[in-house]
Amino acid sequence: MKLHEYQSKQLFASYGVPIPQGQLASTPDEACRAAGELGYPVVIKAQVLVGGRGKAGGIRLAQTPAEAAEAAEAILSLRIKDLPVRKVLVDQAARIRSELYLGLVVDRANRQLVMMASSEGGVEIEEIARIKPQAIHKVSLNPFLGLRDYHALTLAKAIGLGAEHMRAFSQIARGLYEAFTHWDASLAEINPLAVTESGELLALDGKMVLDDNALFRHPELESWRDVDEETPAEREARLAGLSYVQLDGDIGCMVNGAGLAMATMDVIKHFGGAPANFLDIGGGARAERVATALRLLLADAHVRVVLFNIFGGITRCDEVARGIVAALEEVQPTVPMVARLVGTNEQEGREILLASGYHLITAATLEEAARKAVAAARGEAGG
Amino acid sequence: MKLHEYQSKQLFASYGVPIPQGQLASTPDEACRAAGELGYPVVIKAQVLVGGRGKAGGIRLAQTPAEAAEAAEAILSLRIKDLPVRKVLVDQAARIRSELYLGLVVDRANRQLVMMASSEGGVEIEEIARIKPQAIHKVSLNPFLGLRDYHALTLAKAIGLGAEHMRAFSQIARGLYEAFTHWDASLAEINPLAVTESGELLALDGKMVLDDNALFRHPELESWRDVDEETPAEREARLAGLSYVQLDGDIGCMVNGAGLAMATMDVIKHFGGAPANFLDIGGGARAERVATALRLLLADAHVRVVLFNIFGGITRCDEVARGIVAALEEVQPTVPMVARLVGTNEQEGREILLASGYHLITAATLEEAARKAVAAARGEAGG
Amino acid sequence: MAILVDKTTRLLVQGITGREGEFHARQMLEYGTQVVAGVTPGKGGQWACDGRVPVFDTVLEAVQQTEANTSVIYVPARFAPDAILEAADAGIPLIVCVTEGIPTLDMIRVCAYLAQTGTRLIGPNCPGLLTPGEAKVGIMPGHIATPGPVGVVSRSGTLTYEIVYALTACGIGQTTCVGIGGDPIVGTNFVDVLELFEHDPCTEHVVLIGEIGGNDEELAARFIATQMTKPVTAFIAGRTAPPGKRMGHAGAIIEGGSGTAAEKIAALEAAGVQVAAHPEQIPQLVTRAS
Amino acid sequence: MAILVDKTTRLLVQGITGREGEFHARQMLEYGTQVVAGVTPGKGGQWACDGRVPVFDTVLEAVQQTEANTSVIYVPARFAPDAILEAADAGIPLIVCVTEGIPTLDMIRVCAYLAQTGTRLIGPNCPGLLTPGEAKVGIMPGHIATPGPVGVVSRSGTLTYEIVYALTACGIGQTTCVGIGGDPIVGTNFVDVLELFEHDPCTEHVVLIGEIGGNDEELAARFIATQMTKPVTAFIAGRTAPPGKRMGHAGAIIEGGSGTAAEKIAALEAAGVQVAAHPEQIPQLVTRAS
């Protein structure tokens, strides 16, 4: 689960990380009032869960009430990478001497957290990695020791901070680490971490991604979820326990298992088709969940053919078939459907589908299923 | 720092360990009022920081107000192992089916905490260890994992608890562990941990010793210290940063270093004398601390001779000599003094003592110093 | 011969009285695996799977009484880290954790502890291990595999079945099929398993099934290039996955432009690995290389 | 030859700009120890001991620039655990911690971590190491010792000096004097040091100085009985100490009737160790046994 900038900064601040004074606003009026209370100049920033806000015009400086009103109005009417901007953060503008980067990520290969710092802040870390990799400094953190002052000091020295900033940098690094571990993040970044003209360190922007698997420990965060981030279909899928991602194509796929679902998409593409979605019904799905999944696919106006690819293991083909039939009885499908069911209880599954009387194109292998789905999407007659 | 039973149980209870309802009382009247509020029968228990309260008559059951008044009065007039009883704990009496032991200690050899449990509760663990060692079950706790449910379960099974007690025992074990680690204990015990007739587990007695080295993390506990536990001299020594323990003999010793101080006592005994105290002035003691130490010795009416044994390392003999002279100028000593100063700045130290004009018996070795002190204590002329 | 599990495996099932645990314990028994014990705290003394498997309260008791040497875990995510630690503390040298949804920070701590004890963990969020004809530990359907010379290692579940099924259908058997799991933090990675296959005399060819996210395939490529003598054939799922969108489980995501299928395929091909364009192409590539 | 420290020791002093750190750094330099670096966070770039020792902000920098291979720690108790961990993380294989008053639970965590890294820690709350004529690391007064064939290991501070001084006065020199520290949890115990002395060709005789509390002397006795060929002479302080009273430092206490001097002496004598009745008897016993 991704958090907005204002949410991330709020969490960081609760662990002692200094952030600019700021207020959230949903309308140009609110933004102006906030700016008036904070004092000019202010920075007005779109709160959307995608990168590239700056280039899209989502971050603007305002020196006067008139500028603030204009900026807020402009930003609140933007769509950035297809997401509408519904809120802006109004921050006191800082006088910046230099911009640093500080981040904490999971290092899969070493199975540890890694804190990264760079003197080249203000651009994305991937960009720094590309143009100046030697400017990124890292320390691995043993989970039993956590972040120690000497780790922070090592990073501070590496990015060229002077002795006068050591204590403040240590405190910020510790705050970031504690926020990360307390809230079970998978990513936490302060970028830029500004050195102001008055010599203070200030987290001007914040980013945090939480580990969905750990949200059970933090039920209070459920209300922080931005449902605008998801399409209604993705939301319904999440609540039903399905993994669903909408894509641009016209072949709706329903698959058990993430790897097989991706492979199914790949095979469709390989044979010239375009998947309309990624959809993993998970392990051991019952008929009800399968029915929800199929309803989602059939509700997508772009879908011109549906492909079921089920390899039974924990998942039983008869359960899946029952779910398919249940959904079909509800929503009369107008598109062709290709079904490939193998593995646990495949015989029973095929019989249930056959007995339902609905016409399904069958396939023995994934390749065959994909070819038939691609052909059907092109309007060619199938199986 | 040792805690009283009522303090230990209060800390345990704050971590979810069930304890009997109880109240603290300083007078028989208070005890009776408490008993009335709690309901009879009650147990009235002396709150003193030594073992063997039961045998000394410090724990009594009362069924009626008259019995409570009599018991409280009797207990509050006791001295147990030389300590006056100033407070009693009045607890609701539990109906006990069986008594268990649960404790947490530092295992020096393995450098870990060890949780111990036994079905033979109600007697001291050393007693169990002596009479029925196979009844003590232990689990070592890795500091990075802490106490896990499976540790508690393993102990519960080992001491024969049935499935119906598993959850309660786990919670108590966890509470004990958390109290121990949060408050930096070096020992925490629940003995007995009672299984009541209604099938509950209840911590009837509690004992906790805190790590003095970690008290800086818990300044709020300073007010919990029972100054009655110490003699006034021990208290003054503690506040001056000295390690001081009063003993029964007549040779006052002032030594730098705990091991050397013990060895000095041993050598005195070896040559037929009796040390009046253990006194370690610590490493690098300045003149002021030395003067406090000497004042303490000279204030002890049992002391018939004073022995200084200083082996300079961090500690400088001249500093020690200055402290001795400062104290002598204040308190005119009436007892003979034997001084042995070797190591760092020994020459300067001896000169300071000589120049002071006080008569001190000198010695080159510890053996010589001890022989001379023993002789002086017997009233024989010395050096 | 095979790797990790075989006829000598004495299996303990943690969470055996749960729905999944009992179901798969039966499946494993039917496959011929020696399931010697189950553990469910509070249910010690019972018997599971129609009286065939004794249940204990703790792993330690189970090990002491049955000499179990491998454990498979089916307990819910919030109890699974403790289950792994308990098995390690009881001296079990090989643990397979099927459970999905364990928080990443929990797994970081668990793995740091296992590094001290020397325990091998497969998973979590993995389908487990299958040595055809000998032992099945986890949730892989047994009937899709057959004994033979190909070692299979995969981050995926059902995609593995797809490929094993395709191999079997073409008459190509397997030494052992290893599902290492799709989470960001897993106890055993591709390189560990490749090393085992490299040293297993019965394995003549290795099939590696990767997917987007992380850089485990890149590390595998480096290992293959420098340390392996046996031919490797691979498939990488997620060529068509868009960046920034999580594809099902927590591991499968292209973050900050890295972890793409294209990068992984390039790394593997540079290491001399044949990479299949689609899963059912694998048997053909294996046959060609043998 | 000697154990742990010698002429090749390249010493780093953590806390070198503090009162104690600077004082003892000078003493160690005067003794001839190679003090190559100091560390005090925030004081990197300065020089200590009249410009003889460069100061760094972190141990890592100090190691990278001076190839220090041993560290001695004089920082206050609440910072000492981090100082030990920092040295271990920077790859220093031998750390001597002089600091007293470190909480026991902190030391339990530190030691558990060091067990993973393989770092050897002497102390805390110890006088350190002295190889006469070669190197002095810690706070032992150098002039009381002289080179020779006796290895000395002790839980005590000044009592060690007393005994080393007595040995030297009788013309008996030492290979290395090791103060392991008097706290309940120390990084290196008697057995570890006895093993080093047993394997050191220059050590012909070992003097062990114990005290009440714990059971390290008992473990040493078992090791001596089963694994040592060299003669051992011992002294145990605290025969007259009353139970339940802490004698100075946290380790010296007779708890629950165990850890008494009588038990320790009995165990050592049963292992064939000569136990002195008072410290100054040691040289005589050593001479007799040689």
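Here the chain labels run A, B, C and D in written order, and each chain numbers its own residues starting at 1.
FYI, contacts are C-beta pairs under 8 Å (C-beta built on N, C-alpha and C of every residue); 3 or more make two chains touch, one makes a residue touch a chain.
None of the values given here were measured: they were computed from a predicted structure.
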item	value
Set of chains whose contacts include both subunit D and subunit C	A, B
Contact-richer chain pair (by C-beta pairs counted) among B-C and A-C	A-C
Centroid-based (C-alpha) most distant chain relative to subunit D	A
Chain centre separation (subunit A, subunit D; CA means) in Å	55
Chain centre separation (subunit A, subunit C; CA means) in Å	27
For subunit A, residues contacting two or more additional chains	142-144
Junction residues of subunit D, two or more chains touched	109, 112
Partner subunit D, residues of subunit C touching it in the complex	115-116
Footprint of subunit A on subunit C - complex, ascending	20, 77-78, 100-109, 111-112, 127, 139-141, 144, 154-162, 165-166, 182, 184-185, 189, 209, 211-212, 214-216, 219, 235, 237-242, 244-252, 256-258, 261, 277-280
Partner subunit C, residues of subunit A touching it in the complex	50, 106, 108-109, 111-113, 124-126, 142-144, 181, 184, 186, 211-214, 216-217, 243, 245, 247, 255-263, 265-270, 275, 278, 280, 283-284, 311-315, 342-344, 365-367, 370
Residues of subunit D touching subunit A in the complex	41-42, 44, 57-61, 82, 85-86, 89, 109, 112-113
For the subunit A and subunit D complex, residues of the former touching the latter	142, 144-145, 148-150, 153-154, 157, 163, 166
